[in-house]
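What follows is a pair of complexes built around subunit A, which joins subunit B in one and subunit C in the other.
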Partner chain A sequence: MKKLHRRSFLKGGLAGGAAIAAVGTSKHAEAAGSFGGYPDSMGVLVDLTKCVGCRTCEAACNKEQGLPAPDKSFDDPSVFEEKREGGLPRRTTEKAYTVVQKYDVPGREHPLFRKVQCNHCNEPACLTSCFVNAYKKTPEGAVMYDHTVCVGCRTCMVACPFYIPAYSYSSAINPVVKKCIMCYDTRLKFGKPPACVEACPQEVMTFGKRKDLLKMAHQRISDKPGAYVDHVYGETEVGGTAWMYLSDVPFDKIGYDTHLGDQPIISYVKEFLTIVPMVLTIWPALFTGFHLLSNRKEALKNEDTKS
Partner chain B sequence: MNSLQSQGFAPIVSHLKKDGSEWTVKEKLLLGLSPKEYWAVQLRNPFNWVLWVIYAVGLPILVGRFIYGLGWVTHSSYDYPWGLFLGWGLFTMVPLSASGFMMGTTVELFGRKDFKPLERLGLLNGLLGYLFAVMFLQVDLGQPWRLIYPMFVSLGPAAVLFLVAWHVATYLSCQVAELVPAFAEWMNFPKAKQFIKKIVLGLTVAGIILSTLHQGALGALFTYAPGKVHPLWYSSSFQWFQFFVSAVFAGLSMLIVVSTLSKWFMRWRCDETYLNNLSKLTLGLAKGASLALITYLVIRIIGIAHDNDWQYLATGWGAWFMFEMVVGVILPLIFYTMAVRNSNASLARFSAFLAVFGLALNRLNTALITFNWQLYQEIPHWREVVIVVTVYATYIVVYRAILARMPILYTWKENK
Partner chain C sequence: MGGRKKTLMGMAALMLLTAPTGAQSWAADGPGTVELGSLANHYSAVTFDHAMHVGVATSCADCHHHTTGLAPTDPNCVRCHKAGAQAQSVSCKDCHSDKRFSPEDLEKTGGNPQLYHKGKLGLKGAYHQKCLGCHTTMGGPTGCQDCHARNDQGDAFFHSGKYAPAPKASGGHGGGH
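Coming up: the complex of A and B.
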């Protein structure tokens, strides 16, 4: 983790002071788990009302990340009708880091299209659940994954509240987690927006500093009363995410989990984590004490025979 | 072997043969039989026929998992990253193996020497359960050869699984050490036994600490998925405690189950002390298990009250929850209590089977059945089931082989 950070620090050419502060906070975050996010991290605001479902973003992602060719071409709209188990819409896979879903909303003129990819949480569940530290939240906002240390326990997939990480089960020799990295290596690191954002012909997505995007989102809601639901999805969900969404349809009607709460996932695990040092420190004395108590009579007897 | 004993066969109990010469290791491995007799016995045993069928089907599939990858043996689900390998192999096997630390605590720490005839069986049940939980984990991990990465290569100490990995590893070594005396007697290494005797209290206390934490940690792993596990099986405050307390009754119940099975099927290997004390000790274990069961029942109810999950009881999931609680917790609790009151060891044994079933149901419910309750139900791939059966069969084979040889069910007679 340290090595990776130093490298990205040097290459990225970040201001030294800011980076040191960031290292400090990241360590603090792992220990205590109350991390509000890097101050100048980047994000993307997705305006779902503008999306027409052209899937240009999917194609751009596929190209940028060097993913295998899709089963159906990117201009084939029949993929929207595909269902996975349980009649659920298609999701991210090892071959597609982003997918667009279609929702037919009663009373709405057009279907609503929803782009799904990693939301790049401020305090990611995948990161906090990983026992080999394979995940890293960069100060730029991306949640990175290091495939060279991954053991393949897939706890991150269990922990992710958005069902994002996929796994290359088909590989016997080198199966790894596959997920969106916000084009960190090729673009974000150099201050450029992710490929999907740049490719979108409808300008559905806005790339910028997360804090600026939040202001912009609330501005849009108040500028056009009634045009949006008064909620920015991702502002507070599981501690806040880098990708945030505006919609004209209530979020629970279009597949968003609105019961995630504002706490990062790690906060649910903390109740256990706090008992760990207590057990480690109290148990030895307590149980050795029990031993001495329960063997008291025998010990007394031994002493008697000695004297 | 039981029938062989009725024909006058006497199993090995000391280093010396009847004529005064020493058994060789090879003879000890063959149970004191000639190779021909040994294989004849193996061939006659109908249980072995079942094992051969399991291996004939299972071994090629197990090998295939490592050649073609997990995708060949599972449904490669992204929504259900964990299947039967962990649901059964880790989350169920580990609590059923809590008997090791329970018996160590009872005998060595609380000084209840009357439980001595069952101590080694409890320790062995613990060691093998953990060992095979690791085997199951190795089948499930995407890159099993990186098992030591969380220890030495890339450390993520804030993760619950990090604690599980370290604790299971250290606890395994702890249990190996606790069983060294049995191995030392059988192999005639008296010094090793003396050394372990000196550190046994330390080992036992270490066992309690490690067990409290990793049994609890297996529960805490699910607190990473607050929205995915059904609320009736989820409690961020008490999950670790529920998993720990249920491991206590599960370990004791599993010990009753294996002691019963060995009394039935390996009577030839049990000595008088073991057979004469078993009913009394079974009732002792039953008493402990019933205390753990009532604690568990109360903490499950408190968990529901704490999160105010009462409304779910009226749903279909609620009915399934009630089934688990009644059959897997309340009935064993009642039967154990009746058994203790009426000194009825058979009832305690029946209750133990029920409690083991209840524990397995709880773990599978948490890890698989109610997991993703808002999405859909994942049914494991048939190859996944075959591998679980194969690895579990190996667990039984190893278990039986050790019981037949080392002084677990009988006391070793030292040379005079």
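Coming up: the complex of A and C.
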């Protein structure tokens, strides 16, 4: 009898939880509207058709951010052939906040070069996943990281849909997350473009207000029919990013993840996470109450039989 | 004060970055050569052989768009710019800013709703896209140092030449990790 009781209690509790979850879901589907980014934030439009792979941006980044000397000269094209595990091209590291990758696209006359760095999302997954609030999205558009509060859990590295944050594993005493900050400290907050943008000889990158860049991007696509695929990568991906891309090759052919969806990463867990505090606060009280009630009944029964 | 400072800076930039008139020798329909020194911090100036390029180009409009008074070669441009009068200046630097993306430049371009050419390239971008674009199709030189030799400061910037990193010892995992 007692066993059955407990089981039905649990069942009831679960059903109740599910009901709360259902209510929570419908309520929060409306309340969870995206932040959508600061209205006047800055961004960079990268026209991949223009990049010639000279890596001047990498050199400029290295100098501006005071990064350690590279393993190879910045004019050494052999880095394009370097492969990391899984045959993937090189990625951002603690020593390089931006890297250029080379893609040999069948049917394209020249290889396509792709600059990789933090995309500075409107609603960054690194920021929303960080439980000590080490990340900040500035109104200018940069996603900043504060190493003084970081506890080194590296959840941001897992959360980032673009695999950008790197970790200074080389530091035994104080390892921190390392990533592009859009030159916020030295340039962006003074209204200046990031060092890579300014250094690029081909003006592959256009710096400006994100909303202006979007108009410009679509104008460029319509002005030159056939020169670009009709998509601005980063316009909607994961809720929009400050860095956006134009390409003449479909984005999925040159290493871009085209299945990220247009919702910020936090949207996928927001609904679940709203239930967690409810479960953590209501359930313990509820079940303690049940426990006390049943114990009291038992105790009363025992007293009855004794007397 | 700010205006005077800006003017002074602009003049200094012009003196530093653009062709001194003495370096130009004029042919009948344009300069014989032009010194292009906008990347002087990392590279020596390019001595652009204008006269030779006049011989190679099919039309002045190949490079000068509509400014020489000829019809532009890009059909997109012809929609507004037909053959007409020569512009006040046909010099690249007078239209393409050497301060691209500076706050002032962004204010001028982004802040002006009447402006159509919001994405007009800066001077450096205009040179490289025009030169490299044509050189790629015409088989001209396309390497960085084919046109401008890198100087010592440039070598340091690229960690190249005498600033190149020491080659890593083969067999990797011994020390240093």
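Keep this in mind: the second predicted complex is superposed on the first by the 255 of 307 C-alpha atoms of A that agree within 3 Å, B and C clash if a C-alpha of one lies under 4 Å from a C-alpha of the other, contacts with A are read in each partner's own complex, and residues count from 1 in each chain.
By definition in this document, contacts are C-beta pairs under 8 Å (C-beta built on N, C-alpha and C of every residue); 3 or more make two chains touch, one makes a residue touch a chain.
Quick caveat: nothing in here was measured; it's all calculated off a predicted structure.
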Subunit B and subunit C placed together on subunit A: clash or fit? fit
Original post:
Thinking of the overlay built on chain A, is A:G289 touched by subunit B (first), by subunit C (second), by both, or by neither?
Top reply: neither
> Which partner does A:V197 contact after superposing on A: first (subunit B), second (subunit C), both, neither?
Replying inline: second
Ask   = In the superposed arrangement, does A:C153 touch subunit B (first), subunit C (second), both or neither?
value = first
Discussion item. For A:P70 in the superposed arrangement: first (subunit B), second (subunit C), both or neither?
Written reply: second
Between subunit B and subunit C, the one with more contact residues on subunit A is chain B
Message: Is A:G86 touching anything from subunit B or subunit C once the two structures are fitted on A? First, second, both or neither.
response: first
*asked:* According to the stated criteria, A:P39 is in contact with first (subunit B), second (subunit C), both, or neither; which is it?
replied: neither
After fitting on chain A, the minimum C-alpha spacing between subunit B and subunit C in angstrom comes out at 7
Dual-contact residues of subunit A, meaning touching subunit B and subunit C, are none
Listed in rising order, subunit B residues that touch subunit A in their complex are 66-71, 74, 76-79, 81-82, 105, 108-111, 140-144, 146-147, 149-150, 153-156, 158-165, 201, 204-205, 208-209, 212-213, 216-217, 219-221, 223-228, 236-237, 239-240, 375-378
Touching subunit A in the complex, subunit C uses residues 39, 76, 100-103, 106, 109-110, 118-119, 121-122, 124-126, 128-129, 132, 136, 142, 144, 157-160, 164-165, 168
Subunit A contacts subunit C in the complex at 50, 52, 54, 56, 59-60, 62-63, 69-76, 110, 190-193, 197-198, 200-203, 206-209, 212, 216, 219-220, 223-224
Subunit B partner, complex, touching residues on subunit A are 1, 30-31, 85-88, 91-93, 125, 128-134, 146, 149-155, 157-159, 161, 163, 165-167, 169-176, 257, 259-261, 265, 268-269, 271-273, 275-276, 279-280, 283-284, 287-288, 290-291, 294-295, 298
